[in-house]
Structure formats: C-alpha cells, structure tokens
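Note sheet for the following structure.
Chain IDs A, B, C, D and E follow the sequence of writing; residue 1 opens each chain.
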Amino acid sequence: MIKFAWIIPLFPLVAFLLLMIGRRKLSEGAAASIGVAGVLASLSLSVAVFLERLQSPSNYVATFDWLRIDQVMVTMGIEVDALGTLMLLVVSLVSFLVFVYARGYMRGDQRFSTFYAYLSLFAFAMLSLVLSPNLLQIYLFWELVGVGSFLLIGFWTFKPEAKAAAKKAFVVTRIGDVAFFVAILLTFWKVGSLELSQVFAAVESGQLAPEIVTTIAILIFIGAVGKSGQFPLHTWLPDAMEGPTPVSALIHAATMVAAGVYLVARTYPLFLASPIAMDVVAYVGVFTAIFAATIALVQNDIKRVLAYSTVSQLGYMMFALGSAGYVAGIFHLTTHAFFKALLFLAAGAVIVSCQRQQDIRQMGGLWAKNRTVGSLFLIGALAIAGVPPLSGFFSKDAILLAAYQDGRYIVFLVGVLAAFLTAFYVFRLFFLIFGGSYRGKEPVVSVPKVMVWPMIILAVFAVATGFVNFPTDAFANWLVEGNGIVAQTASTPWWLPVGMTILSIIGIAMAWILYGKRSVAVSSFGEPGPLPYRLLARKYYVDEIYDRVFVRSLKGLGLILQAFDRFIIEGLVKGIAGIISWLGRIGSRLQNGQAQSYVLVSLIGLILLVVSFTAGRLLK
Amino acid sequence: METLLQTLPTWITFSPLLGVILLLFIPRTQSGLLKGVGMLATLPPLALALLLFGQFDGTSDKIQFSQKVDWFTLTLAKESGVTGSFTYNMGIDGLSMPLIVLAAIIFSLAAVASMYIKERHKEYFILFLLLEVGILGVFMAHNLLLFFLFFELTLVTTFFLIGIWGYLSREKAANHFLLYNGIGSAVMLIAFIVLFFLTQTMDFAELKAILANPDFLQWIKEANLQWLLWSTLIGILIAFGVKLPIFPFHSWMLRVHVEAPPSVVMLHSGVMLKMGAYGLLRFGVELFPTYVKEIATLLAILGLVNILYGAILAFRQRDLKRVLAYSSISHMGFILFGIASLNVIGLQGAVFQAVSHGFISALLFFIIASLYERTKTTMIDELGGLSQVMPILSGIFLAAALALLGLPGMSGFISELLAFLGLFDRAPVIAVIGALGLILATVYALRAVLSTTFGALATEWKNVKDTRIVETLPMLLLLGLIIGVGIYPSVLSDPMQATLQMIASRMGG
Amino acid sequence: METNWLDYDWSVMLPEATIAAAVLLLLVIDMLMKKEQDRRFIGLLSLFAVLAAGVAVAFGFGKEQTLILDGSYLVDDFSLVFKLLILGGTTLILLSALSQEKSKEIDYKGEFYYLLLAATLGGMVMVSSADLITLFVGLEILSIASYILVGMRKKRLESVEAAWKYVVMGSVATAFILYGMSFLYGLTGSTNLDVVAERIFEVTRGGYDSFVYLSLLLMLVGFTFKAASAPFHMWAPDVYQGAPTPVTTFLAVVSKTAAIAFILRILRNAYLPGLWSMGEWQDVVSKILIAIAVASMIIGNVVALRQTNTKRLLAYSSIAHAGYLLVPLALFASIPQFIVGNDVFFGSIVYYLLAYMLMTTGAFAVLTIIERDRQDTDIRAFAGLYRRSPWLAIAMSIFLISLAGIPITAGFFGKFYILLNAIIVRNLWVAGIMMVTTVISYYYYFGIIRQMFFRPPTESKKISIPLGLAIVIVIGVIGTIGLGIMPKWVIEFVEGLSWY
Amino acid sequence: MPVTSYLVLAAILFCIGLYGVLTKRNAVIVLLSIELMLSAANINFVAFSKYGLYANVTGQVFSLFSIAVTAAEAAVGLAILIALYRRRGTVEMDQFHSLKG
Amino acid sequence: MPSVSGEFIAFFILAVMAIGGAVFMINFTRVMHMALALVFTFLSIAGIFILLDAEYLAMVQILINVGAVSVLMVFGIMLTRHKQEEKPKARPLHTILSLLGVAALFAVMWRIFYTTPFGGDPADPATVQSLGESIFKQHVIPLELTAVLLLVALVGAIILAKREESK
C-alpha cells in the first residue's frame, strides 16, 4: 500500500479541478461533497499507509527524472518515512474535519464551490509537501502552500482588509522562501545534488565545511520562520485571521504553519551537525513563545488571541527542536494540531452563534446558551493549558524536559513562564466568552449540527493523543528509528510534571479571579491603561516599525529612482536632442538669404581650413 | 518532404508572405475578411515551427537545416586577391530553435489579439506579417549582413505599427523607438564591418572559427589591434543592450510599452526584446568567449541594476502598462545574470527566461488589452474589485501575475532557478542581492493584480462584461503553455543543451 | 611630334558629338516651330539624343585607353562609367521634365531641353578629359547652362533670385578655380594632367610645396562649391528651392556627379602621386578632405532637422550625401601603410552615385507630382498622401528609407560599402560620425513618412500621375530595391573595369 | 623682373575683387568685381607663361579661353540681373533674400 | 632692389594704375565712377600683358574686357534705375569680417610668395604664330566647346533678359 502513497495528494487535486470547472453549476451540497470525498479518500489511504508503516518500518523512495541541470539530474518523486506518514495522517484528518465543518460555516456564500476548490488545492499542496524527497520539490510545494493560504486569506475579495492581509501574508512568507531558495542554491553547488539523502550523507562524511552547513541550516530556518510566523516574520499570521474561520483552523493552526517545523525536522541532520544553528533555533523559538504569549494577554478579538497562541506554541516546537528534542517537537506539533484546530472551530461556532461577532467584549454568558460548544472549548483550553490528563500536558512537558536535559536552563525557565501565561490567556478568553452575562446586542443563534460533530472528534483526539507516548514511548521509538536521530531516553525528573500542573492551575485560577468572578472590573482592562498594556495592545508596535523601515523606505527609494529616471536619463536624452536642434537653428539662421554673407561664410570656412591644417607647413 | 526540410529556414521565414500576398487582393472595406486572413496567415509559420521543433535533433551542437546560397562578393584588394564573400546563409541551432518556436506562437496569439485594432486593417496585417518575416529571419540568419537586414526590417515595420495604431502620443513613441534602435543598429553595423574587415567574411560559422584560431589572435596581438576587437565587442554589447534593454538605454522601451497598440506590445515585449538577448548570446558570447569571460562580472552587475531598478520602479507606477514595462526590464536582468554566469546552467537559464518571459508578458499584455477594451483605462487607482464583475479575467490575471513573480510550477520559476544557479557559482554575492529582486517582484506583481481585481468595486465598472470565448481561449492556451513548461521543463531545456554546452565550453565554463 | 589631325581616332568622341549635334539641331528646330506649338517634340528628340549617346558610350567599353591631343580628350573606364551615370541621370530628368508639359510654368519649353543637353555635354566633357583647359571649359559650360536653367521660370521671383545667387557664387568659385589652376600651371608649365603629375612630383621636392598646397586649396573652393559640400554649401538650399524641380534634380544628381568626377580626376591623377610618396598627402590633404566631409555631413543633417519645405530639406540632404561621397576620397590614402584598393574605393563611389541618382530622381519625381497637385512644396503637402494614392506613398517611403540608409535598399548598401572604406583604414571616428549623422537623418526623412502615413489628408481626390513621372518612379523603385537586394551586378561590373 | 611682383599684383587685384564682391551694395558692381578677380587670374597665367618654371605658350592659351569664358559669364550674369531687376525693381544686393531659413 | 630697368619702371607705373583703379572702384560712391575706374584697371592690365610679351593677348583684353564687358556693365547700370549715390547702409560686422577674411587670404598668399623664390629664366617671347598653332592644334577641343559655351550664353541671355510681351 505504501507504494501507492503518491496517489494521496492527487485526490484533492482532482477535486480542485472539478470544482474549478463546475464553479457555476455545482450546488453547495454537490461542491461540499466533492471536496469532502477527495479529502476522505486521501485520509483513508494515509491511514492505510500509517498502519502498514507501523508493521514494516522501512522508508519507501520512488523518483523519476525531471530536469537535467548540467551533469546533475534533478528528480521528482515521493519519499515516505515516519515523519511523512505522521504528517500525512495529521494533515488529512484535520483537513477532512475542517472540510465538513466548513459545510456549515460557509453556507450561503456565493463563491462556495471556489472556497472548496481553494481548500482542496491547499490540501493537495500540503500533502505533496510532506512526501517530497528533495529540497527543490519541497520548495516547489512550499510555495504552492503559500499560494493556497494567500487565496484563502483573501477569499472575501470585497473586503479591503482581506486584500491587504493576503498580500502581506504572501510577501512576508516570500521573504522566508527567498532565504530557502538561496539555501537550495548553496546546497546544489556545495553538495552537487538536492536529494536529501545525499545532502545528509555529505554532512556526515564531513564533505561540507562547518560554516557552510551552518549557513544552509540557518537559511532553511529563516524559510521556516517565514512560514511558521516566528519572531521577525510573524506579523502576517494575526492579520491572516481576516480569512474565514475554517481557513484559520486548517491553515493557520494545524497544517501550514506547522510546515515550518516540519521542514526543520525533515532536515534535522543539518541542524544537528551545527551547534550554532541549534542555538539560533532555540533562542528564536523561545523568544517567539514568550513574545506572542504576552501579546495574547490583551487581545480583544477571539481569533487574534488564538492566532498569537499558535505563534507562541510554534515557538515552543521550535525551541524543542532547537534543544535536540526532535521527538518532543513533533509530538507537540501533532497534539497542537488537534487541540488548536478544536479551539478555532469552537471559536468559529461562537462567532456563528453571536451573528459574526468577533470581539470578546461583546460576548459573555454563552455557557448557559450553548453548553456543548462551551464544553468543547473547555477541553481545548485545558489541553493547551497543559492540564495533566489531556495531550497538551504530555507534549509540553516533553518539550520542557528536552530543554532541561539539553542544559538550556534560561530557555527552560522562559518556557515555563510562557506555559503559565498560556494557561492564563486561554482561560481569560474562556471566562470572558462563557462566563458572566451576555454583553452582545444580537440574539444568540444555534449552531448547525454539521459543525458540531467534527469538533467532538477533534476533542476525542485532543484527549487521546497524549497517551500515544505516555506509558511506553512507543511514539518516540517509532518516529526515530530508521533516520538515525537518537531519541532522548533519560527519565523525567519527578518535580517537572508536578510543577507544571500546579503552574497551570494557578494560571487558570488567576484568570478565574480576574475574569470569571468579576472581582476586578473587566472594563479596567479594556481601555488603554498604563504603558505596558498599551505596548502589548499595539503588538509592540512591530507592524508600525516594519511599515516605516521597509515599506516607506522602499517607496522613498522608488521616488528617488523615479525622479532619477525621469530627470537624469530623459533629461540627458532631451539635452542631446536639444543641442542638435539648437545647432540646426543656428545653421538655418546663418542661412539668411544674403548671397554676400554666403560668400563670406565660405571664405571664413576656407581660411579656417587653410590655417588649421597647413599652419605648421606654411609658416615653417 | 526532404527538400522542404532542407530549405526549412527559408520556408519558415518567408511563409508569412503568403498572407501578405493574399491580403493585397482583398479590398480595404472588408475588415472582417481582412482580420480572418490576417490571423490565418500566421498559421503556416506556426505549423512549420512546430514541425521544426519535432524534427530538431537535440543532441548535435552543429547548425542544422543550414542553407547557403551565394549572394555577392566584394574584392578588397585585387592584387593580393583578398575578397570578402557574402552568402544567403540560414540555419537553426539549439540557441535559436526555442526562440523561433516562441516567436511563431506569440505571433499567432498576437494576431488574435489584433481584434482590438479598429481601423486600417489591411495595412496593419501586412505590416504585422512583414514584422514576423523580420523577426523569424533575425533568429535564423547566419550571415551578419543578412541578420542586419532582417533586424532593420523589424525596426521599420514596428515604427509604422506604433506610429499609426498607437494610443495618444504614439508618434513620440515611434520616434523614440526609431532613434534609439537606429543608434543601436548603427553601432552594430560598424562592429560587423570591422569584423568583416578583420576576417574577410560575414558568415557566422567561418567568423567564429577565425576568431578562435590562435594564429589569427597572434596576428592581432602583433598588429596590436586588440583595441579594435574590444571596441567591436563593446559596440555589440551597446547595440543589443539598447534592444534588451540594459539599464541606461531603457527609456524608449517604456514609452513603446505604454503607447503601442496591445498586440504590438505583446510582440514587442514577448519576442522583440528577446532579439537583444539572442544577439548578446550569439554575437557577444559565441564570437568573443575569452573577452566576455573578462567582463562577466560587469554583465552581472548590469543585470543586478536592471533587476532592482526595474522592480523598485514597477512598484511605484500608477499605470498597469508601465508596471509591466518596468517588470520586463527587471526580468531582462535575469537574462543578463544567465549570460554572466558563463556556464551551461546560466546560459540555459537565460534562454529559458527569454522563452518563459515571452509567454508571460504576452499573456499579461493580452489581459490588459481586453481589460482596456472594457474599462478604457489601465490606471490602477481607477480600477478595483473587478473580480466581482469579471471573474474569469481576474482569475487568469492572478495566475499570470503569480507566473510573473516566479511561482514554482510555472515557467518563470525554472528560468529564475537556472539563472540564479548559474550565477551563484561565479558571483554568489551578486546572486543573493539579485534574489531580493524576487521579493520585490512579489510586491509589485501582487500590488498590481490585487488593486485591480480585489477590493471594493467602483460604481462605473458595474455593468462590465467578462471576456468572450475568443479572448479566453488564447489566454488559456498561453497559461497552459506556461504551466506545461513549468511542470515539465525538459521539453524546452533538452534541445538547447548541446549548443549551450558547446558555447559554455568555449568559455571554459 | 607633328601628328596631324586625322590619324586620331575621332570616333571616340561620338557621344559628345551626338549631344552637341542634338543641341544645335534642336536650336534650329525650335526657331522654326511656331510659338504655340507644343514643344514636347523637342523633348522627345533630346531624349532620343541622350539615349543614342548612352549607346555610343556603352560601345566604348572593352577598348583600351585612348587619348586624343595628348590627353585633351581621354576615354578610359573611369570616364565611360561616369558618362553613363550622367546620361542616365539626364534621361530620368528629361522623362520627368517631359510630363511637365501642361503646366504653364516653364514658358521657354524648347530652350529648356537643349540647354539641359548643353549642360550634360559640359558634364561629359568634365568627366572624360585630362587637360586642365578642357576641364575648365567643360565646367564652365555646365555652370552657365545650369545658371540659365535655374533662372528659367522667370514668372516666379524665387527662380530668378536663386539664379542670381547661383551666378554670383558660381562666378566667385570659378574665379578661385581659375586662380588655383594658374598656380598649378605656373608650377608645372603644362595643362596635361599626366605631365602635371610628374612635374608636381619634382616640384614638391624642389621646395615649392607651399605653392602646390595654395593651388590645391584654391581649387578646392571650386570643388566644394560644385559638389555642394561644407564650406561652400550655402547656395544649395536657396537654389534648390528656387529652381524648377527638374532643374533641382539636375543640380542634385548630374552636376554633383560631374563635380565628384572632376575632384577625383584632379586630386587622384595630378596631386596624389607627388604628395603621397612624400607622406604629405596623409598629414595635410586627406585631413582637409576629412574635415570637409565631416562638416558637410553634420551641417547637412543637423540643419535639415529644422526644414519645413521639402525641396530645402532634400537640398540639405544632398549636402549630407555630398559629405558621404567625400568620405572614400578623404580616407583613400589617409594612412601611410597602404592605399585602399581601387576596387573598394571606386566601387563604393560609383555604387553610391548610382544609388543616389535613382533615389533622388525618384524622390524629386514624387515631389513634382505633389507640387503640381498642391502648388506648394511644404512638408504638409504630403499629409495623408497614403490615403489619396497608396502606391505613390509607398514609392516615396522606399526612396526616403533608401536615402536614410535603412537596409534592403541601395542607399543602405551604398553606405555599407563606404563604411567599409572607413574601416579598412581603421578610422572609426569618421565611421562613427557617419552613422550618428545617419541616425539624425532618420528623424527628418521619417518626418515626411509621418506626414504621409500618420496625418489625415486635406483633400480626398485621387492624384493623377503623368506617364513620364510614373516611368521615373518605377525605375527608381526597381533600381533602389533591386540594387539593395542584389548589389552583385554593379559590384562585378565595376570590379571588372581597370581603374589603373 | 622676378615673377613674384606680378604674382603680388595679381593677388592684390584678386583680393580687392573679392572684397568688392563681399561688400558692394550695387549688384552690377559685384559682377564687375568678379570680372576683376577673373582677370587677376589671367595676369597670373600670362606672367607664368613668361617667367614660370617651364615657361611655354600654354599659359596665354589658357588666359585666352578664360577671357572668353569670363565674357560669357558676365553676359549671363547681367541677363539674370536684368530679369531680377524687372521682378524686384531694385539692384540692392541685400534686398534679394526671400529664400532663406 | 632689383636692377632699376626700364621694364621695372613701366611695370611699377602700370601696377599703380591697376591697383589705384581697383581701389577707386571700391571707394567711389557714384556707380558710374566705379565702372569707369574698373575700365581704367582693365587698360592697365592690358599694358602689363604687353610688358609680358603677350601683345595679342593685350589686344584681346582691350577688345573684350574694356570694349565689350565694361560697356555691357554700363548698359546694365543704365537700365537699372538706382539712386544716384549709393548711401552705404551700415553692415559693420559684415564689412569688418570680410575685410579680415580678405586680409587673411592675402597674408597667406603673401607669405607663400615671399618664402619660395620663383627662379625661372624668362623664356623667349612667344610668337602669335605659336599661340595660334597651339590653340588650333593642341587645344582644338576646348575651342569647339567654347563655341558651344558662347552659344549657350547667348541663348540664355536672350531668354532671361527679353521683355515678356504676353503681359
């Protein structure tokens, strides 16, 4: 069955083509069913591949010749390894659930089938990304995934903010992609081939100089930073919330943003070989985690809070990978995919029920009105906060353990603080939405059935996936063997899980005190309070800085060049033309009709000729 | 069939003349019939070009289908019997074959795009087909004087095409076009004559052989005529630099792109700029490999200036046509990167970029033409939200913009990849700075397409109709080509492999 | 050496004899014909005479060089080729003049024809003589006949004023030439060019070189006047504009060809041998000629940009073409190493003269039609010509493109051939200036094309094209395109000749 | 008598004639000045035919022809002047400038 | 000083007369005086011809230049109405420039004449008979052509100067 893995991405592609062609004629039901069928087929196949992979843990590689570059034959094909299979499963499962959920959420939208077409295109790109055997093919689908997110963010074309957000998303990720592109150029020349297997072989055999490996690793990491919204290039992710919520759930929570982490994991031997790269990944990761967590504290838009929490959680995964916690990182990626998707879908349900209202200050008291959504949201919140029975606890715990064991104590402490903040802001969100009385104006509406049961399935996964690695480290061993990365087997110090749980509970309690029981007037936190609050509310003014530093300077440079272009170059040309026509004017004025002046001019011409040429000769 | 193959170049070059003869007999009033015949007349060269593509043997780097007929001989010195012979010498090799196929395709599509021409169809199509003869001839001529004749034929016909059917200040544009290219071809003529004087031959193959053999170079060194060869190379670079255009000589091209009628702009941006690239490769790199090797870094820097200058200014423009004009300058910079890389990858990238940019810019200008047909304006701030009214056109426009910024899966990416790969080996720093151009490309491409298709719909475009099938079909064909070449590039890159290998090896690349 | 008259082979002077006989005959016939009778009969006779002379010249080829009265009259390939050019030009001019008939402008129709023949006779003599006196008399016949022809249209003030300016300037030029010839005679004591050449060879070594230069410079004034090149070009625009169009064509084509032949004959035969071996030619003479050529190229093209009257514009363009024609002469022996091969030198000059003749007569023929139709030779008279008669516009465009030197036309190949001259002597400067001025000329030549194709016509009625002019235009077009595509015939023909 | 003095005389007459052509207002006088220049050349010819390096009679022949030509030219010049006078009504040299530019 | 011989004195007088006539022609105000001054110059030139043993030529000079051309010019002056004395409309730049130009030309010639002494022993006086022989034997072609030239001049002069009767 593993040999047919290449078919998995084709189902969504076929769905995409069908939906694009039948854009006008398909009814909503038909369109949704085509989309869902496509993803379901790929889900079932990925499950089959996953199961087969469980028994015989052998990587399967199949490639064909694509483009001859000088002596090097660049190939295309698929490679199915443990990480790939896992990602296939996660991506297709979450996609399937979001596809079903979207059936309800997007009802009544006139570009319904186009929406499903774009979703299927994205699914195709994501699935083929995880199957790519070489750097070029990864880059190829990497960009296609970017296009998918661009189209979906800007799906509601009539909204100017959606247009700006889509453009921003694509441009910022493109900056990261260009770094990745340069990495490809470097590897091609230094390694002589882009096949990952050969790259890793070259790294082990020491054929590459250490600084080359570091530059390649860092460049790839910058690509990952762009896609996963890490610190310098994170500004596009919160704005991407302009897209419909299923998009945010699928792309900006589970799959695409995780692609960055996947990429670092996929090229892990490169990172292992250069300690500098590991430090960079770790520190950038942990800084993003704490940075995003602080901003999430004061956001008032439900999706913005979750977006910053995603950025923070990705920071977690990054610094896990950065501190040799390969298994921890991937484990958290998987669990995060489920509970963050759940949170987003629940948020979508909340938005639907409050008539498209996204500002949490207009919500409240929904626990009474819609208990199921409330309880699902609670499960997601508990998972992300790291409360023991749920998966979040195990994976976050594994990350912190990895950081601790790797000796990165500062990173460990910052990680712990971030975990505490995560618990706090998630439950701030929970109590503001579900606690207290309903502050919104419009009546609360019921949520369609078709949106609820995907959330339930996700809730089940959010709970269950924790135990995949708990008792037996089965997940770790399965993931690691075969690709030469040594899993950390040291036992966990006893105080770590206990401390973590206490910390989360304290966080939840504080959130309850501040927001649940209304002991402190919630409004006080609303308006722009003291400086630190304003700083956080304005997202550390990062957007403004970027705008002034890059966009404005580009416009200025453009102005200077435009002026240069118009005045210097055209000025030069006009100048020359002017001189020639001026000479012409002199010539025609000299031609004044008087025969005598003609003779005079000729005489003077003759004298000049005589003097200039024969002066030397005659006067000697 | 055999004789056809033997004289294929002449057949391809002069097949549009069949259309011209037909058009002569059709009275001026039948504009419908004229348009029909005009469009059909571009099919014979297309069919022959595809036949050529089929028959072309990708493995040999020799000149194929070559045809040599004696033209005339000049005796330079009767006593010592020194004579220079001129022959009608046509041939095709790996470097020119892709460009010929590109030209044939773009011409057919531009003929379809000529439906927007409103008056004087008869003269238009006659000039159009003569231009096609000129361009196909340029790519196939292997005698320098013959090359020059075809080159000037394209110059004169385009002058008329711009001057009569252009937009507002078309005459100014036609004049600028004429003067700039006039200077370029004047410099080229002097360079060719100097070469003729040094080697007593105008045949490309003989010339190449003589310029390479050591005792000739020895003679040059003794007669210290080095400066003459150097000035010839500089002359050739300037001549084709004006055509490409390279940075300082580009202002004429902007005016032409804005003022010329849409189908002519498609041709100009799609094919005629590539004559500059072809000339640089053929007469610069092939004839003077060792000299080009010395100034490779200069070429790379020129390419870099082109890329960044074009990209930054494209970002500032308010008129869609000017945005595309500046983006063409930026994309020509990639060709310079390819040439400056001096290895087969870079050269492949340069030719690939020539072909892929041909398709992409032809498609974009076709879209703008149909957009202008409906909204009578190409000013970005006057347009907006057109996707709600013209979904098909906006969809294709978005796809074309993505191809422009080099999205993988489309031909633009492959050419950029090859060009950067090639240059990275020789000048990594310039390549990395050039990569910034990719980001800028994304910025201006998206700004242009989003501000016209996305966003709020202005009231006056309420009742604008979407594209008719006769317009969508060529657009989709072009898009199909772009994606096809993007997905399976070796269909284009294999035939030119051998020739470029030979060129690169002469430069020790 | 008492060679009496009859043993000379007088048959060699047949062409000149036919033309002279024709002049006298037509004079008598004109007197006998009544006042109102249509003078076209005389025109046809003169055309017939010119063609007969052409045939006579054609038969002259192949025989080796013959001299009469030790050089007073010389028949060699050089003279035969140039005579053919002159007669060809005159035929075309006569054809276009014949169809001028109905216009009442030229009152003295009869005289026009045989004066034209007389002028042609003068030109032919200038070309085929190696004796200073004969050359001088030939030059004078050509000049005086053209003074009268220019002033022929007495009704129009411009024509008479142009004639006056032409007479004044012409006489001053003749004075300078005569003065120069007197010094030449003083130095060498003989008027036969070969004898002059040897004597100059000795004289320049004998310390009289400053006299040689004085004579050359003074004669140079005359040359530059006749060829309408730089220092002495001011007369050309006014006279070309004032004169009736067939006469302007005559001045632009035949008199310029004769002038070039005159310069070639004297400089190359008399001065070159003596000065070149002494190394004097490169430093002084060729530099002066280069200066003249470059000056006329620049003045001709630059001032033409400002012109709005077509005739004046074509006048300035003919100044520029005089510059182009002087380039091979200037660069002929401009470097000490070697002399440019005869074939390239003569080939380029003859080819360019032939091309120039075809395109100029054609252009002036079209101008004549426009002038007759619109009574004004301003550029705007060409507005919308394409709409009124497409074929005329296309023909005019071909001529203009050829004048501009753009490929597939004879004009281009002529320039190519001349550039070859420049580059053989590695003088990239002159080649560069020549090409830059050519590009400048694109602007004003295409100015007329812009009028014809881009502008709407003021009237819409068709233009009637008389037979004579139509023939001239057709010959011009076929010649320009034919020579452009297949220059082989002319080149092989010229290379076959012996230019000693 | 060395020939130089004759040459100087001829040169003086030539320059005066030229100056006359350049500056005189009346057209007839301009024609006369041209006659003067031409006859100055004649002096040269005759002087060289006597004292030249290879003195022989050809000089006088040349000057004879030149006198004939000068006469013809003077006649034609005057005829044109008369025609111009009929058309313009004046013989002022600087009035004849309708063709210019 | 060259040996003061009779020939020199004669030459000196004639030269002064010629140059004087020319200068007067330039400076006189009345047009008729100018014409007469020129006649005076032509006469002195004829004298110089005699001095140079070219008697026939002197006769021709008198006959044509003095007799025909000057008279022609006088007719010209008579026919064209002109203000008696010619008030010179000041064209300062033009006059100064032409003066400088002519002076420069003369200076160049003067320089040449005096740097290269022209040694040529005086030939035996050319008889009219040898003159005639040379014209009719050696230069017969120019003679015929001069005939054509005079004919052309004749016809041309008639055409241009004839008063149109059909006014």
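One rule holds for everything that comes next: a contact is a pair of C-beta atoms (placed from the backbone, for glycine too) under 8 Å apart; a residue touches a chain by one contact, two chains touch by 3 or more.
Treat the numbers as computed from the prediction; the structure is a model and nothing was measured.
Listing every chain that touches chain B and chain D alike gives A, C. Central chain (C-alpha centroid nearest the global protein C-alpha centroid): B.
The chain with its Cα centre farthest from the Cα centre of chain A is E. Looking at A-C alongside B-C, one finds more C-beta pairs in contact between the chains of B-C. As a whole-number value, the distance joining the C-alpha centres of chain A and chain B reads 38 Å. We define each chain's centre as the mean of its Cα atoms; on that basis chain B and chain E are separated by 70 Å.
Between chain D and chain E, the centres computed from C-alpha atoms are 6 Å apart. With each centre defined as the average position of its C-alpha atoms, the distance from chain C to chain D rounds to 26 Å. Looking at chain B, one finds that none of its residues touch two or more other chains.
Of all residues in chain A, those touching 2 or more other chains are 588, 591, 593, 595-597, 599-600, 603, 606, 610, 618, listed in ascending order.
With touch defined as above, residues shared between interfaces to two or more other chains in chain C number as follows: 133, 136-137, 140, 144, 147-148, 151, 154, 160, 163-165, 168, 172, 186, 208, 210, 237-238, 306-307. All chain pairs that touch, listed by label, are A-B, A-C, A-D, A-E, B-C, C-D, C-E, D-E. Considering their complex, residues 132-133, 136-137, 140, 143-144, 147-148, 151, 154, 157-158, 160-165, 167-168, 171-172, 174-175, 178-179, 181-183, 185-191, 199, 203, 208, 237-238, 241-242, 306-307, 309, 312 of chain C touch chain D. Listed in rising order, the residues of chain C touching chain A in the complex are 164-165, 168-169, 172, 209-210, 213, 217, 220-221, 224-225, 230-232, 234-235, 237-238, 284, 287-288, 291-292, 295, 298-299, 302-307, 440. Residues 3, 10, 14, 17-18, 21, 27, 30-31, 34, 37-38, 40-41, 44-45, 47-49, 52-56, 58-59, 61-62, 65-66, 69, 72-73, 76-77, 80-81, 83-84, 87-88, 96, 98-101 of chain D are the ones touching chain C in the complex.
Those residues of chain A that touch chain E in the shared complex are 596-597, 600, 603-604, 606-607, 610-611, 618-619. Residues 13, 20, 23-24, 27, 68-70, 72-73, 107-108, 111, 115, 118, 121-122, 125, 129, 131, 133-134, 136-138, 140-141, 144-145, 147-148, 151-152, 154, 160, 163, 186, 207-208, 210-211, 214 of chain C are the ones that touch chain E when the two sit in their complex.
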